[in-house]
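There are structures below to look over.
One chain, chain A, appears in both complexes that follow, with chain B as partner in the first and chain C in the second.
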Partner chain A sequence: MTDSVHAESGTAPGAAEAPSTEGTDLGVVFGPGSPAVSDESGTAPVQLLTPEGERREHPDYSFDLDDEVIKGFYRDLVLTRRIDAEATALQRHGELGIWAQLLGQEAAQIGSGRAMGPQDFVFPTYREHGVAWCRGVDPLHLLGLFRGVDQGGWDPNENNFALYTIVIGAQTLHATGYAMGMQRDGVVGSGDPDKDAAVVAYFGDGATSQGDVNEAFIWASVFNAPVVFFCQNNQWAISEPIERQSRIPLYQRAHGFGFPGVRVDGNDVLACYAVTQAALRRAREGSGPTFVEAYTYRMGAHTTTDDPTRYRLSEDLEHWKLKDPIARVKAYLVRGGLADDAFFAGIEQEAEAMGEHLREGCRALPDPSPLSIFDQVFVEQTPELAAQKEQFAAYLASFEGAH
Partner chain B sequence: MTVMNYRKAIAEGIGRALRSDQRVVFLGEDVGAAGGAFKSTVGLYEEFGPDRVWDTPISEQAIVGAAMGAAMTGLRPIAEIMFTDFLGVCWDMVANQVAKARYMSGGQLEVPLVIRAHGGAGLGFGAQHSQTWENLLMSIPGIKVAAPSTPRDVIGLLAAAVADPDPVILLEHKALFDAKEDVPDEPFLEPLGSASIRRTGDDLTLVALSAMVPVAVQAAATLEAEHGISAEVIDLRSVTPTDTATLLQSVERTSRLMTVEENPRPCGWGAEIASIVAEEGFTFLDAPIQRVTSANVPVPFAANLEHATIPNADTVVKAVLSYS
Partner chain C sequence: MNAAVSTDELTDWLRMMTLIRGFEERVKNLFSQGLVRGTTHLATGQEAVAVGASAALQPDDWVLGTYRGHHHALARGMSPASAFAEILGRSTGVCRGKGGSMHLTDVSHGVMGSYAIVGAHLPIAVGCAWSSKIQDLGRVAVCFFGDGTTTIGAFHEAVNLAAVWKLPAIFVCENNRYSEYTPIDQVSPVAHAAADRAAGYGIPGVVIDGNDVAAIRDAVDVAADRARRGAGPTIVEAETYRHGGHSRADPATYRPEQEVEHWLQRDPVAAVRRQLEATAEPGRAEQVETEASDQLDRALEEALAAPEPDLSTLTDDVYARAL
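Presenting the complex of A and B:
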């Protein structure tokens, strides 16, 4: 099964090849994707830190903050991975309904998340735990959401971090409308760097096939809305490889919509920071949207209910392990003598404490009261709802009488 | 006969359609190489290949819109929408395009299209992944709508849907995946618009659909065993067309009617059933028609809240006891 998926991308016939006119050989038309997409060499992403931990220069982007900031990133990366690992384990122990792992995508999320200012606003998918961390959302809220103990979990306006969106692509339109609201609030292009703001819309490679997302591109473009479209191309949409979504590198699509697109090494936290920061600057000053394609890899399953061995080769995973987003930062810090054992041990300790906090905190989250299902449907309860609530309370009371 | 669960029956039904009719193609997200997001289409890609089983990009509008176009060329597409809720993403295609093609072309266009979706609550998928939309869909003229409650009906109704010259939407229920039943090995179909009596009884008629059928059957067993009440259970199976005859014949005997619906109360499919019986069977009734439905709230994610929202055998039993 997995073989056939991969055999496909290897034996792609050219698009120009005329489909067979006899029989039902639609496979020629519908089957394979273009090999150009899986060929990484032609479309080198912006990279400022190699997998070996060496700094690189780039003509358009640079990371000019000091090594203390990089040490901070390292801490973010490690803690984010820990949050993810703890949540995955809690799901396995039946404490969470489901969990969407971010394993492998830490740099894309921390780099972009740390590039934002407090005034910027984020529209995430369901996998942005690292961005949530950067925005100051308590990871216990994330667990509460996936445990299902309440609706929502965090206040989007407190951290300028919207709630998770699971109907694919919808949030890109919300982001665009939010950005248009910012334009009308006068917080775009005012020239005041503490005031000017932008929106970052996160989405995946699969989402780029949704009408919503393409419509968001068009709107943001014609209204010159301050949106950074941050696409984490993790190569997979559940079981479907990127070849099923696009025959050209995703960032190149932006051109057709009328705004710039850039591909960045999604496992390089420095490059993700620099590229997002440049895109945010452009948006805040009123120059419109940018498409950032963070080229990365989903190292885990789609969610805890998915089994990726059904559809992909373990060799790919091994290949991407060599590009690990955390190992390269550590290599850089160690090689340059920028951090000592005490630094790494301290972070390890912090991660342990985080793990404990999450395990204990998660189990202690109170179950919601059954009558709360009637809350928050409307501000003011309709008479029908109020009557249903009363009936349901009587029904619940009937059990108490039975004891 | 072969014993098979509901999940397996989905792949079996699609496989039979693909095997027996070269015009049938099957498309959707993750349906091919991975065997479906719910593993309900395992083996089809291996048997029929990419010509006939299409893993599509993540675009519901295109899945239904392109399936409609393909149907216009004479293919008989079976299009899968992963969750019933995502029919909302392609509502124009469903409600404005597919449903109206025959009518607006004066009968010149034929859209022999089957759309299948996995719906329903009970598995902790939350408000946007748990809805039952038989009621929304049945309000649109031009599409037929059915919801199988057993493995046999999954296969039989799909066979009928594929054979039908008009568009048919089949809503399969995620909470029924493990339900097992003997299914015939030879080809068969269960006609659209025919209800099935799952349990006979004299004192009242329970009408249910999809995952509410086992709930009603279980409630009927309790009513019989513990309260001496004999309830008849009708599995409506399809809401468009509706099997009014079976319904009225039953109510004529039992003189009491209760619907058991997973949707919230306003405009649930049971409201239509109640209105039919009120108009055509009023004189059969000894008491007002009753409806058991979900609460008028989005389906909550938390297991205990979801359980509180959706009818179960106990709520049905209690409703019957306060009714009789």
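Presenting the complex of A and C:
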């Protein structure tokens, strides 16, 4: 990328300077002396646990919690993957309309999800099943949404976990607005660690091309809003590869907006935890947003209606399987003798029970009354909607007795 | 780079700068006399950006401007009579009198429109650049926009796509320090609202003195060369100032007096005039100014004599082909 140079800000004619007589030396601006924007190859993500299950040190980030916590992560990862697998199977059996798989992204979600405190607030996409799990949302609620029996049946305020957002990137604006609200509520930078809060906005690599996300960056940056922009770069926006979304590594996008960006190994639960926690700390203390790029891979399809074999190579998938986010934690635990067979069997059992809970619970979810679509549009019903509801009720009643 | 500027070039520049300045003075009068309804946005003080950029372009290159766009259109060669007529709502106007001050368009001079929706034209410029690329036309698309426009999502979508597809586009930000009444440093997270963002897209960004015609010409020249080579877009941020308010109704009292004074001292038209006087024979500058003024008077007279569009043409020109 030899053309990718960036102006030195020193070339700007400041307001206080005399009118320039010679003009700007464009050789300085465009020439080889300017710092080049680095390319993909030179950007190793933060990693604290290798795919082989070995711990690594990093100069800026560390994971200091004990192995019991890592065992807890392991449980989260396995159960999350099970939720995903069960939901996918339920869709295949016709019990769900659609499902967006998170396969391969468990570590990014559990690492970041577990880094949050109860006072923090999450704005997810449609794929954040692992984060939902960390926040304590019953996975059955997620199934309800994809079964089409509710509009996302959980109360966002109960777990500080907003509703799933399908409109790509829109939630980054909601997140920024919510974070600015936190500032105004005085829960940012107060110095009280139990009180200070932040927002985590989840989005994908594809979403970075969206204007809304750019507007969220601007606002968060200008107003120093406590937002962690957590981007799971799973390499694909449906069938569009990341190479077609950006000319630079995504985390560097933040530099154009005046806040830090960091790339983390998105398949390393420890690194995702450490990096998110650092970003959250920054946000809570009032130092503004951070862009976290979790470098990962969508091992499954975009959704259950998608067939990725039509647009990507199976070698890629094989390559990423070697970096599996769960296998490396297991390797670490086994190698260090930190967990025995009984531990793994116990989690397997829990996963089985989870599967059953979902299979039975999903089929038992009641179908909603058609009239309920009018109920949760506004906090207070508007006369227009009330009238529409009445009309619709009359229409439905006209079928009564008819076959 | 920074090729010496010839007396002929300086003459052309002063002619065009004076023409734009005089054109807008007359426009202002037309509005204050109530001859035109609505509002207008003058580029007084920003003429150098349009003139400098045009000096670097080929006749078949494209430019897209904003509601503050008289200077872009005139610098590309739009006839002042048709521009006046457009603003006056006459049938001889460039849009047959149905576009007005904010929508000057003249495809024959590569003026692919002026746009009143902030940021809306950046994706359109990218479309032009894409069409040049896929048809191998060798044309570049220059998009002029304001500092405030960098906060709109369309800016991001356009610049990113142009960067990814390496399109022959040049994004010229006229940073006049304000978007309406808001100082840009209150809403931009970076010092140079446009140029500093370039790093986030992997393209060059350059900050230049927007009141220096030669500096702009040189920057656009390099950017156009880069674009034509297939190396992709560039952001050029020209630091400048509007002498007047945002629009006709704005007395611009929100700006510090010294700031205004500072920039009035750096009037780009006066600067070119001084440069010309330093190299040309005495009297050349006055002659250029008189000619421009006469040309404008004739143009305005012609426009005022032209008829208003017939009501029957109301629905013409909405689509390329009538429905």
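Everything below uses one rule, namely that the second predicted complex is superposed on the first by the 335 of 403 C-alpha atoms of A that agree within 3 Å, B and C clash if a C-alpha of one lies under 4 Å from a C-alpha of the other, contacts with A are read in each partner's own complex, and residues count from 1 in each chain.
Criterion: contacts are C-beta pairs under 8 Å (C-beta built on N, C-alpha and C of every residue); 3 or more make two chains touch, one makes a residue touch a chain.
Predicted model, so just to flag it, every value in this text is computed and none were measured.
Q: Check whether A:Ser209 is in contact with chain B, with chain C, with both or with neither, and answer first, second, both or neither.
A: both
Q: Touch test for A:Trp133: chain B only (first), chain C only (second), both, or neither?
A: So A:Trp133 meets neither chain B nor chain C here.
Q: Taking the superposition on A as described, I'd like to know which of chain B and chain C A:Asp367 touches: first, second, both or neither.
A: first
Q: Please work out whether A:Ser221 is in contact with chain B alone, chain C alone, both, or neither, and reply first, second, both or neither.
A: Only chain C is touched by A:Ser221; chain B is not.
Q: Counting only touches as set out at the top, which of chain B and chain C does A:Phe63 meet: first, second, both, neither?
A: neither
Q: Please work out whether A:Phe230 is in contact with chain B alone, chain C alone, both, or neither, and reply first, second, both or neither.
A: Touch status of A:Phe230: no partner.
Q: Could you tell me if A:Phe123 is touching chain B, chain C, both of them or neither one (first, second, both, neither)?
A: neither
Q: Taking the superposition as given, does A:Gln245 touch the first partner, chain B, the second, chain C, both, or neither?
A: Touch status of A:Gln245: both partners.
Q: If I apply the document's touch criterion, which positions on chain A are contacted by chain B in one structure and by chain C in the other?
A: Common interface on chain A, chain B vs chain C: 1, 4-5, 24-27, 30, 209-212, 244-245.
Q: Taking the touch rule as given, give the residues of chain A at its contact with chain B in the complex, in rising order.
A: 1-2, 4-5, 8, 24-27, 30-31, 97-98, 147-151, 166-169, 206-207, 209-212, 237-240, 244-245, 310-311, 367-368, 370, 372-374, 377, 382, 384-385, 388, 392, 395, 398
Q: Would you mind writing out the residues of chain C in touch with chain A in their complex?
A: Touch list, chain C to chain A: 1-2, 151-157, 160-161, 163-164, 186-192, 195-209, 211-212, 214-215, 218-219, 222, 226, 231-232, 239, 259, 262-263, 265-266, 271.
Q: If we count contacts the way the header does, which residues on chain A are in touch with chain C in the complex?
A: The contact residues of chain A facing chain C are 1, 3-7, 9, 11-13, 15, 19-20, 22-27, 29-30, 34, 37, 209-215, 217-218, 221-222, 244-248, 252-259.
Q: If you look only at chain B, which of its residues touch chain A in the complex?
A: Of all residues in chain B, those touching chain A are 22, 25, 29-30, 33-35, 37, 45-46, 49-52, 54-59, 61-62, 85-86, 88-89, 124, 126, 128-129, 265-266, 295-298, 300-305, 308-309, 315, 318.
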